[in-house]
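Consider the two complexes below, in which chain A is the common component and chain B and chain C are the respective partners.
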Partner chain A sequence: MHISEGILSGSVLLAGWTGTSEGIAVGLRKTDTSRIVRTALLSSAFFLASLVNVRIGPSSTHLSLLAPMGLILGWGVFPAVFTALLLQAVLFHFGGLLVLGVNTFIMGTASLSVYLLFGRAVREGRSKSLTVCMSFLAGSVAVLLAAGLAGLCLGLTDSNYLNTAKVLVIAHIPVALIEGVVTAFVIMWLKRAAPEFLS
Partner chain B sequence: MKKSVLVITLALWMCAPAYAHGVGFRQSDMKAVTLEFFYSTGEKMSYREARVFSPRDGKFAAQTGRTDEQGRFAFIPDTPGEWRVIVRDEEGHQCEAKLVISDELSAADERASASQSNSSLPQGTELLIRALLGVSIIFNIAMIIRWRSGHAH
Partner chain C sequence: MIYCALVYAFAVSVSENLHALMIASILPAILLCTRKISLPPLLKINTVNAVMLFTLALTWPVMSDGSILGLVIAWRVNMIYIVFAALVFPLGMSAVYALPLPEKMRVLVILTLRGIHILHDSIDRAFLSASLRAPDVGLMMRLKIFAYVLGASLLRSSDRSERMMRAVECRGGFGGFMQSEGKSLRVRDAMLAVISVSYSGLVVLMNYA
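== the complex of A and B ==
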């Protein structure tokens, strides 16, 4: 889901960096130092997840773990995503440095949105089945939201990219389902093994 | 009968432009450059969008197409100089191959150098080292923040 360097217009890049700066500033302010190791742990998981490819027909994609990150870190997701994407760009050439602002904004916003939408329902989890459903939805929505935002950035750059944007969203539907299942597993495991992570 | 003749005449007249744009083919003996594109995991970049830029025009693609199932793409360079082939997928992964074609336009003389790509990533041990380096940097940043915060208090 990383947008490559040299595709987006200057104004979209600037808007991305502005949104990302705001997100990081709020994220750092809201992240307690006692939770910094947790943030580093999830940032590392996000950084490594890009190396695990999932094959879908002739295509393949990798896990993003956007929803678990959002549900656990809340606003702290912005600094975590930024650090991981920066290292991915430098060490693996995923995305790029100029487009880092937009990529962070896309993934950070998607992740934060599921925290705001599903965070409470997942944390409180009145029943096991409801928690599973909410976690699954959170995982799927995060991926589709990120794909939609990436498509929007492409569409804002050039209307010729609108078809690519549509393909991008449609191509991510199977990924969203997989991510939903993974998120449900992660959340259910955390609820049992380390409930303080979701506090 | 007259009506049938009229209909047939009209149909033949309408088909006439199709005959004017007849098509054909012949086998070419020109040498093509064939490249294989793959991800750092070794997986092939199958059916991905490919664009070829000639040394004459680095802005507009001289040829566009898609890789095949095996991640292969072929083109015929018609001028010496540096040719670029960019293959990318819908997720933003991009591989750029630069090839220097000699005066003789011999495909055998090309020097390929992959850059700005996932395929330029090392595999195996070096990939593992980079992954560990990344994780190490993240935890070091976290520890520095924690240490500084402890000092502030």
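== the complex of A and C ==
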């Protein structure tokens, strides 16, 4: 769901940078200096895990892990996503620098929304099945929300992009289901092995 | 350099006039001839462009308009990539230092890069070990393995982060990450900025002329 360079209009690019700057400012303010190292290493782990391809039949996909990132980092997700995308652009030549603002805004907002919507239910899950359901929903909603936001950015650039946006959202439905399953497994593992991660 | 590239990229992104884009193509053409630009990423970008062109042609109200737009976007993407590849990417981490990021963010970027190098081997080993132990498992089990490897890596990285934090504190805190060299605008930088803004301004003006 990375949007490529050269597609979006100037106003959408500027709006994306504005939203991202605000998200990063709040995220950095809420991230204590003593937790920066932990945020950085979590960001690195997510960055590397998202580069691993998961084989599905004859094809393969890579996961974005937006929901686990949001559920663990909370508001700190904006600086973490920006860092990961900046390093991808500068060192691995993947994505772009001009659309970095919009891409960070899309992924950061999706992650943060999942944290605000499902964070409490996942942390205080009264039963195992409820936690599994909430984690699955969080994983799926994060991907669909990100795809929807990417579609919205395209639609704001030119209304003719709306059909492309619909294709984008539909293409992400299988990925959303897989992401939901992985999120549920990750959260259940963390609740068993290291519950302090979600606190 | 990075600001010149960003201003140029913005001017190209907002340009829809073909004459303006042609003028804008002069810079990447010169850079392509004079600088060493890695071709494999350019090939990968154009594969993605081909998929985008196909999608736009099928989803646009008029197929030919969608195809033309797809070609224009591919043109813009190539121009922007060549300029970034020639002027920004060779700077490596210096490009990150050049950005006006808050100190906390700069530290986060440095530590994330360090973390990527530290964790790369351990995550790779974990996935290799899992694939050797269970080469032919169903999708659900594969996703479970993926999730557990990720969980274990997060736990390990958290332990390591505690140790790293203590080491940072022992060395005198985050003060050590500050750059010792102050930034100043040289005549060459100022000239480059003026040329870059004038050139990008010309492209934007031609777009609206």
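Keep in mind that, in the parts below, the second predicted complex is superposed on the first by the 188 of 199 C-alpha atoms of A that agree within 3 Å, B and C clash if a C-alpha of one lies under 4 Å from a C-alpha of the other, contacts with A are read in each partner's own complex, and residues count from 1 in each chain.
Quick note on the criterion: contacts are C-beta pairs under 8 Å (C-beta built on N, C-alpha and C of every residue); 3 or more make two chains touch, one makes a residue touch a chain.
What you see is a predicted model, and the numbers here were worked out from it, not measured in a lab.
Participant: With both structures lined up on chain A, is it a clash or a fit for chain B and chain C?
Facilitator: clash
Participant: What is the contact status of A:3 with respect to chain B (first) and chain C (second): first, second, both, or neither?
Facilitator: first
Participant: Looking at the overlay, what does A:126 touch: chain B (first), chain C (second), both, or neither?
Facilitator: A:126 sits against neither chain B nor chain C.
Participant: Kindly classify A:49 by the partners it touches after superposition: chain B alone (first), chain C alone (second), both, or neither?
Facilitator: second
Participant: Give one of first, second, both or neither to describe whether A:181 is in contact with chain B, with chain C, with both, or with none.
Facilitator: Only chain C is touched by A:181; chain B is not.
Participant: By the touch definition at the top of the document, which applies to A:97: first (chain B), second (chain C), both, or neither?
Facilitator: second
Participant: Under the stated touch criterion, name the partner, chain B or chain C, that contacts more residues in chain A.
Facilitator: The partner making contact with more of chain A's residues is C.
Participant: Which partner chains sit in contact with A:190 here, chain B, chain C, both or neither? Use first/second/both/neither.
Facilitator: Once the two structures are laid over each other on A, A:190 reaches chain C alone.
Participant: Both chain B and chain C contact which residues of chain A?
Facilitator: Correct list for chain A: 4-5, 33, 36-37, 39-40, 43-44, 47-48, 55, 83-84, 87, 91, 93, 164, 167.
Participant: Please output the residues of chain C touching chain A within their complex, sorted ascending.
Facilitator: Spelled out, the residues of chain C in touch with chain A are 5-6, 9-10, 12-14, 38, 41, 48-49, 52, 55-56, 59-61, 73, 75-77, 80-81, 84-85, 88-89, 91-93, 95-96, 102, 104-105, 107-109, 111-116, 118-120, 123, 127, 139-140, 142-144, 146-151, 153-155, 157-158, 160-162, 164-165, 168, 174.
Participant: For the complex, which residues does chain A have touching chain B?
Facilitator: Result: residues 1-5, 33, 36-37, 39-40, 43-44, 47-48, 51, 53, 55, 58-61, 83-84, 87-88, 91-95, 150, 164, 167-168, 171 of chain A touch chain B.
Participant: Any idea which chain A residues touch chain C in the complex?
Facilitator: Listed in rising order, the residues are 4-10, 13, 24, 28, 31, 33-34, 36-45, 47-49, 52, 54-57, 63, 65, 68, 72, 79-80, 82-84, 86-87, 90-91, 93, 96-98, 160, 163-164, 166-167, 178, 181-183, 185-186, 189-190, 193-194, 197.
Participant: Write out the stretch or stretches of chain B touching chain A in their complex.
Facilitator: So the residues of chain B in touch with chain A come to 39-41, 43, 46-47, 69, 88-94, 116-118, 120-121, 127, 130-131, 133-135, 137-139, 141-142, 145-146, 149-150.
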